[in-house]
Amino acid sequence: MVNIDNEYILTEITNQFGDKVYSSYEPYGLLTIEFDKNSIKDLLSFLYNHQELQMQFLTDVCGTHYPDVKGKEIGVIYHIHSLINNVRLRVKCYTPIENPSIDSATFLFSSANWQERETFDFYGVNFVGHPNLKRILNADEMDYFPMRKEYPLEDGTRTDKDDSYFGR
Amino acid sequence: MQLTNRSKVVSNKEMSFKEKLYIPAILSGMGVTFKHMFKKSVSLRYPEVTRQFSPVYRGMHVLKRDAEGRENCTACGLCAVSCPAEAITMDAAERKKGEEHLYREEKYAAKYEINMLRCIFCGLCEEACPKDAIYLTDRIVESNYKRNSFVFGKDVLVEKIEDRIDITKRKKSYKID
Amino acid sequence: MSDIKIAQTPPSIEGPGFQATSLDKIIGLARANSLWPLPFATSCCGIEFMATMGSNYDLARFGSERISFSPRQADVLLVAGTISKKMGPVLKQVYLQMAEPRWVIAIGACASSGGVFDTYSVLQGIDKVIPVDVYVPGCPPRPEQIIDGILKLQEIVKNESLRRRNSDEYKALLGSYGIQ
Amino acid sequence: MFLLIFKIALIVILFLISLGVAAYATYGERKVAAFMQDRIGPDRAGPFGLLQPIADGVKMFMKEEIIPNVSDKLLFILGPCIFMITALMTSAVIPWGTAMEFDGVKYGLQVADINIGILYVFGVVSLGVYGIMIGGWASNNKFALLGAVRASSQMISYELAMGMSLIAIIMMSGSLSLNDIVAQQKGLNWNIWYQPLGFIIFLICAFAECNRTPFDLPECETELVGGYHTEYSSMKLGLYLFAEYINMFVSGAIISCLYFGGYNFPGLEYLSTVLNPNLVSIISFGALFTKAIFFVFFFMWIRWTIPRFRYDQLMKLGWQILLPLSILNVLLTGGGLTLFSK
Amino acid sequence: MIESLELNTKSKDEDYNILNLGPTHPATHGVFQNILKMDGEIIHDATSTIGYIHRAFEKIAEHRPFYQITPLTDRLNYCSSPINNMGWHMTVEKLLGVETPKRVDYMRVIIMELARIADHLVCNAVIGVDTGALTGFTYMFQWREKIYDIYEQVCGARLTTNIGRIGGLERDFTPECIRLIREFLNDFPKYFDEFAGLLERNRIFMDRIINVGPISAERALNYGFTGPNLRAAGVDYDVRVMNPYSSYQDFDFAIPLGTQGDTYDRFMVRQHEIRESLKIITQALENLPEGKFFADVPDFFLPPKQEVYNNMEALIFHFKIIMGEATVPVGEVYHSVEGGNGELGFYMVSDGGRAPYRLHFRRPCFIAYQAYPEMIKGSMLSDAILTMSSMNIIAGELDA
């Protein structure tokens, strides 16, 4: 029985993928790796099928937007959980905003389906291989990706307030 | 998959012969409902009878006056800042000479409006107030027919000198070490 | 039940077509005591509406416990909860399917004004889509407030002229929402 | 001549009673539900909310009629009418009390004492399903259609078991006339003591025929919105709802006639020797009425207690359990008769 | 928009009947649309459309200071808002590195477990309603009212509680509040058994929900199920046990499990979780430690009002907190709690500003609801409705 901790996971991943792991750190004890977006499918399958790790539970997929980091504006963040070992892993992949795209995780996790659609809806990430990539929460007619930082939160039709009061 | 040692299976789908017969379970159910027919109703006849809300209930706001009848509010704007619904708006004004009996501080709110339709009664304004001025009370905001009748100004919010709103209980339970 | 108070009639139903006769009053009373709600409950306020239906507050006392989910049979549309822009057309459709006379209560901050959700996806008040008769503030309103809203609506219903639904004002009101 | 006037008067009275009972059954339903759920129920419209049904009725009369464009207009209107008419017609053969006597001539308290009364009841009740079916189909709404289909298949299935359970009664009484069947159950000599199994089967089937919980599939709110009456508004809906309660009342009366001695009660014999026959007649009517109302209450009691069946389970119950049981009941009755009758 | 709701019924095989369930169907307690392809009463295929009450929580959260996000979390799973509130506070506390006193933990546990009871009560009562048994629903809502009373004593609201603050609770439990909790613990089990007696072993009810909408443990995990829905499938994953937060390790409770993941399992798991929650509350109340009801976080937990009125330093802190100018570490944090419907996760990226740079909610309903079409395939319309209500899909959480 190997001791499964962050160090072990990191070693296993780097042994397999080498320089595709761009960086790694452990904020609040959760191993986080920045990974090559083109190999995300391989990484997920590797973790899923690994004898010891058995990271077979996709907790969460979400997107982020960093307008200032050129070439890596849009991020897709996976939280993977190994229920047997009770250890989590966070994988971050970045993709440029001009044509944000990444491979879909639906081949492995059914739960990725809607979460990826949500990420597409919010950030416009194109998940290659997704069976039904269209907007999920917003109306189909919407022509922008509302969670990107440049778009405003407000509806704009509200007439009964004066922003100067609210320090926003 | 066994992850912990604290699990226990609780669902038993096998029916005993008695349960298979339908009738006993139905009869016992009917017994329960019949028993309830003679139980005292728990209903509250609302408009005639009202319920005592808890002293800390978050209902309609009040702008307090101090013991001498002066308005406490100094129009610092913290309540507006802390409002997640952005429902509070105010205009500050300088207190002039001769108005000392009206306003406690040198600045006061010339206009103070809460949009009760926007308000979510979260109580953050009450917490934000550094001047003991705004409190939520255990009165409810009544419904009305027009949308713009819900912008409550100072005429509604500021308590009347002769008709003070009691918030002592609320203050008492409020954050004491 | 005979002590009908002509309460402050809301401006929306005043006008030249308003003429309360005794038949009007009887029918108004009957209607007021038999308001079958169609709960258009989308979120939090829906749970409070359930509580209002429950034993402790018992909406049945006002003759309103037969909730009818078919819009044809309902008299009052209780919009309880956030209405997003995606939902707006559906709400309008439901309103159109209701048989006259129909009333609308906007329950809670979200339905009335958008409340805390001043965002790109939320309709800032259902009165942008359909006419509203009574607004109930609160997020969510207490059952007391919901009952209060229904009582307020009963006042409207009691005092409404039978001819109001054919009046020009009413048609103009509907017209302003794009309903023929 | 007097007979005709008497019958017409009887019809009118029965009609009014049926409507009144139906109206107040809606009120009763709400109150019973309220009491079982620790609530108060309607109490605003009039004292104790007694005017509630009237308020509902007036409201429904004054509500806008909507006939959907896509519907078949004639049938759409016909549906509720058929349902209502059949519901009202059923009560014609029920002997409501002992005979009245005017000028020494006896007049049975029954609109029509036809010798195949039970068959008549069956025939008319089966017609009732057309009201639901036509209404549901003509609405051209999927939920309504599903409700109508459920209603018709349910009624057809349960009529079988119901008929079989009745056969046992007919074997015992040797007559198809409700009047005879009731007349045989003097005092406490009720059929229920001889036919407990038949009674249970009949009761269950009556629930199904009235579309009451646990068999309220045709209109179950949570699945089919309003079932067959989804598209109906105003008084056409009112007719459907009213007819349902009339059906309940009439079923209650028929159950009482078949199994609980109808207008009979212990002491009726004695009373008829000392009192005016007309008075006795009214008292006996009261007895039947009370029994019927009890069954209406029972229907409500069940409704507010148990969940409903699923469509396939309902069919299974009807065909695989109730039907064999009722056949068994017929066999048992036959055996019993041959053993004990001579 | 409306046109898009109507599916093209002229599909290849016209034998199928397209039935549109929602967005305002009575059985969708909340708003989402299911388009069912039916063969008679049998469901052949289904598609779900959601987003009818998308309220852009995540976007709002990027514009609000931390303390103002609490009222937002209320509206996620509004059946059990205190759990969301607490989960959010713990996330921020994790980011700040705050240790909360035991008393805070225990008070939070009491409130969270009450919320869990309230949540499960709604779900199970509504399963009853959907099978046609309305009376149990009204019985259980009486007890929800009692829970509301307790909330009202603690925070002053009934449903959207905004309970607790970052670092603790806004006020200590009053004696009245403790009396109400004890009363609840004392009276509720009897009436709960009565409710259980109405349904649990009633054959009509059992027939209705046994083998309805089953899902295997393997598929459930693949679909990202958590909470009661996953436990009904036989996987004993419970965040309270696996990654204890708020001192859950101190309490002794079992994890109820089902076997097949069908509706009866889900119903029974919830029934028993209510009983386990009662156990936890009893333990927490008995061992409620003395001490402060807030942690030492002057940057976030408001100073007492008396000091604000009289003390300059306190006033400055007060201003800083309200204006959202307190210093926040840069970093990212994921924290999850066992919500009413499963693992409710908060993933927050902080750039040191007054509002989170990015806040993502892992909403268990949203993830689990994808499995719905698969679960109802081949079953009947009535089953589909029961499956939906037993999954306890809360629209607020589904659409965020």
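Chains: A, B, C, D and E, in written order; residue numbering restarts at 1 for each.
Heads up, the rule we're going with is that contacts are C-beta pairs under 8 Å (C-beta built on N, C-alpha and C of every residue); 3 or more make two chains touch, one makes a residue touch a chain.
For clarity, every value in this text was computed on a predicted model and none was experimentally measured.
Asks: To reach chain E from chain A by way of touching chains, what is the minimum number of steps?
Replies: So the least number of steps between the two chains is 1.
Asks: If you average all the Cα positions, which chain's own average lands nearest?
Replies: Answer by centroid distance: E.
Asks: Counting only Cα atoms for the centres, state how far chain B is from chain E in Å.
Replies: Computed from C-alpha means, the inter-chain centre distance equals 22 Å.
Asks: Report the inter-chain centroid distance for chain C and chain E in whole angstrom, where each centroid is the mean of the CA atoms.
Replies: Using C-alpha averages as centres, the distance is 30 Å.
Asks: For chain A versus chain D, what separation do you get between their C-alpha means, in angstrom?
Replies: So the centre of chain A lies 63 Å away from the centre of chain D.
Asks: Quick one: report the Å distance separating chain B from chain D, using the average Cα coordinate of each chain.
Replies: Going by mean C-alpha positions, chain B sits 50 Å from chain D.
Asks: Taking each residue of chain B in turn, which ones touch at least two of the other chains?
Replies: 1, 3, 26, 29, 32-33, 36, 41-43, 45, 81, 84, 86, 115, 118, 120-122
Asks: Quick one: which residues in chain D touch 2 or more of the other chains?
Replies: Counting only residues that touch two or more other chains, chain D contributes 33-34, 36-40, 43, 221, 225, 304-306.
Asks: Residues of chain C that touch two or more other chains: which are they?
Replies: Residue numbers touching two or more other chains: 55-56, 58, 61, 69, 86, 113-114, 116, 118-122, 139, 142.
Asks: What are all the chain pairs that meet the touch criterion?
Replies: Once each pair is checked, the touching ones are A-B, A-C, A-E, B-C, B-D, B-E, C-D, C-E, D-E.
Asks: For the complex, give me every residue of chain C touching chain D.
Replies: 1, 26-27, 29-31, 33-34, 55, 58, 60-63, 65-66, 68-70, 72-73, 75, 99-101, 162
Asks: Taking the complex as given, what residues does chain E use to touch chain D?
Replies: Those residues of chain E that touch chain D are 17, 19-20, 25-27, 41, 128-135, 138-139, 142, 198-199, 202, 204-205, 207-208, 380-383, 385.
Asks: In their shared complex, at which residues does chain E touch chain C?
Replies: Listed in rising order, the residues are 1-2, 5, 23-26, 29-31, 51-56, 59-60, 71-72, 74-75, 78-79, 122, 137-139, 141-142, 144-145, 148, 158-160, 395-396, 399.
Asks: Spell out the residues on chain B that touch chain C in their complex, using ranges where they run on.
Replies: It is residues 41-47, 50-51, 84-86, 115-122, 140-147, 150 of chain B that touch chain C.
Asks: Please name which positions on chain D make contact with chain E in the complex.
Replies: Its residues touching chain E are 33, 36-39, 142-143, 146, 213-214, 216, 220-223, 225, 304-313.
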